[in-house]
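Shared chain: chain A. Partners: chain B in the first complex, chain C in the second.
The block that comes next holds the complex of A and B.
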């Protein structure tokens, strides 16, 4: 396998440019489509990084995100908002940028943050070695999701179910009709 | 290291979009961009140079196990992506409801109407 760094840099720069377009454009539909372009580039990046399962999931999720966001924007007419430049927000973002970089360098710099391409595989070594004999799953990612860390997946299903319930409750057209009204009608 | 730096740049741009923009759909897009940045960062941490996907095939030499990329962040990011979809759909539902009630996506107009 060749060095993948050039492809990864190209995809990351594309993602940054797509995000800038999505943030700064006035038209909401263009912004939504730019964010989806960023998501598809992310899917290709996952493919380069040796994560085909994540790439497939990201592709499917990205299509759904595009559909949901377009549903949220395209049917509504008054979507343009005249913005003015907010210096406080820029300063806040820059402060957080510096804080993230500074704390990252402080915490991981001295203890040896893993260089790109040399992961710390202290826990995963066990999963890779015992994945097939313990779970009979050829795909180690599947073995981790559905066997070693199945309770995490249960929690994920709970969160997903709750959020979909919330969305349905918010988008419901009419409230509950009481029994008397039904009888009267 | 430059790869990590670009991920942080992406995260900060999502944060800027979340804080600075008045349009609530733009705020949702900022959260989605931050989601992407964090997921990509976690996968990049688990990458091994010359690594292959952690899938065991028939009559594969045992030495290939050493070349597998880290499967643990991949499993957790798979969870995180799907949760991101659910949370985003909830946020879009809130946006549609706010638009039906106030007739605009402008945050400053919506927050003025109290009670």
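The block that comes next holds the complex of A and C.
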């Protein structure tokens, strides 16, 4: 664990604090801004971890989501959240959190975690070694997502297409009322 | 929604074109430098969303009409699938069957560049459509349109 930059620890602490603020605050606009601060810190953390592709995508999507959420928030009349806690929900989430930790300890406890930055590279070794000669793309990330795993990207594009179609069909009010109804009213 | 102040409008006029150019760069050089179709498409969509926020919806829809955005959205998805099927004619689905070109040059990596452009069209136009749906359609109901027409 020695090769993690100390700045990364600071970013992680910042993200945890931002998430807690986003959950606990009473104002919806403050919660939106806290979530976005966590997202921007995550983008910087990706840069520290050496993943500029993910950092660019995270940054750009975060800006767009911030604009959309703020627009949606200021259109509301009442932006105060009433935060009364359901005891059953708290107990259930604590139980499931404990179960996840327990199973994680069962799986990784016996053989130990792999060293940070030293993952098991059984599949990705092939991509790293043959990426440039097989595809002639200098950016290995693009070579993987659009050549080796292009089928996955097709599925991703299909999901995006279908969700946008559904969102547009639900959000637009045009066409919900027929012309005759309005004239008759 | 008539837009924001004159300062914001002027700055937007200066900046919006450069944002589109930067997004196109991110898309076209996605196989050489960090970036790619998704990020570049979102950047281009952000330029049009900036136009819509600063100038109002009429100006943004005059630059990129809603119908055109719908067509671009569907065309991007179909082009992605079509490139995959073109690989099927040469061997297998999504086979990299175009010419490879010269390493580290713009036209180098076969089907990766056209796939990036297809993804960029798809993502950019669909995010623009979602934002316009959230911001515009709520304010312009069909009932109000017909009542205006009748009045």
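Just so we're on the same page, the second predicted complex is superposed on the first by the 165 of 185 C-alpha atoms of A that agree within 3 Å, B and C clash if a C-alpha of one lies under 4 Å from a C-alpha of the other, contacts with A are read in each partner's own complex, and residues count from 1 in each chain.
Note that a contact is a pair of C-beta atoms (placed from the backbone, for glycine too) under 8 Å apart; a residue touches a chain by one contact, two chains touch by 3 or more.
Keep in mind it's a predicted model, so treat the numbers as computed, not measured.
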Chain A residues touched by each partner, larger count belonging to chain B or chain C: B
Chain B versus chain C as contact partner of A:20, first or second or both or neither: first
Which of chain B and chain C A:45 touches, first, second, both or neither: first
First, second, both or neither for A:72, with chain B first and chain C second: both
Chain B versus chain C as contact partner of A:57, first or second or both or neither: both
First (chain B), second (chain C), both or neither touched by A:164: both
Chain B versus chain C as contact partner of A:151, first or second or both or neither: second
Contacts of A:136 with chain B and chain C, given as first, second, both or neither: second
Which of chain B and chain C A:37 touches, first, second, both or neither: neither
Shared contact residues on chain A - chain B and chain C: 52-53, 57, 61, 64, 68, 71-72, 132, 138-139, 141, 143, 145, 153, 160, 164, 167, 171
Chain A residues within the chain C interface of the complex: 52-53, 55-57, 60-61, 63-64, 67-68, 71-72, 75, 132, 134-139, 141-143, 145-147, 150-151, 153-154, 157-158, 160-161, 164, 167-168, 171-177, 179, 182-183
Residues of chain C touching chain A in the complex: 26, 30-39, 42-43, 45-46, 49, 53, 73-74, 76-77, 80-81, 84, 93-94, 96, 100-104, 108-112, 115-116, 119, 122-123, 126-127, 129-131, 133-135, 137-138, 140-143, 145-147, 150
Chain B to chain A touching residues, read off their complex: 1-17, 19-23, 25-26, 28-30, 32-33, 36, 39-40, 43-57, 65, 68-72, 74-79, 81-90, 92-97, 99, 103-106
Touching residues (chain side chain A, partner chain B) in the complex: 1, 3, 5, 8-9, 12-13, 15-16, 19-20, 22-23, 28, 31-32, 35, 38-39, 42, 45-46, 49-54, 57-58, 61, 64-65, 68-69, 71-73, 76, 78-79, 81, 83, 86, 89-90, 92-94, 96-97, 100-101, 104, 114-119, 121, 123-124, 127-129, 131-132, 138-141, 143-145, 149, 152-153, 156, 159-160, 162-164, 166-167, 170-171
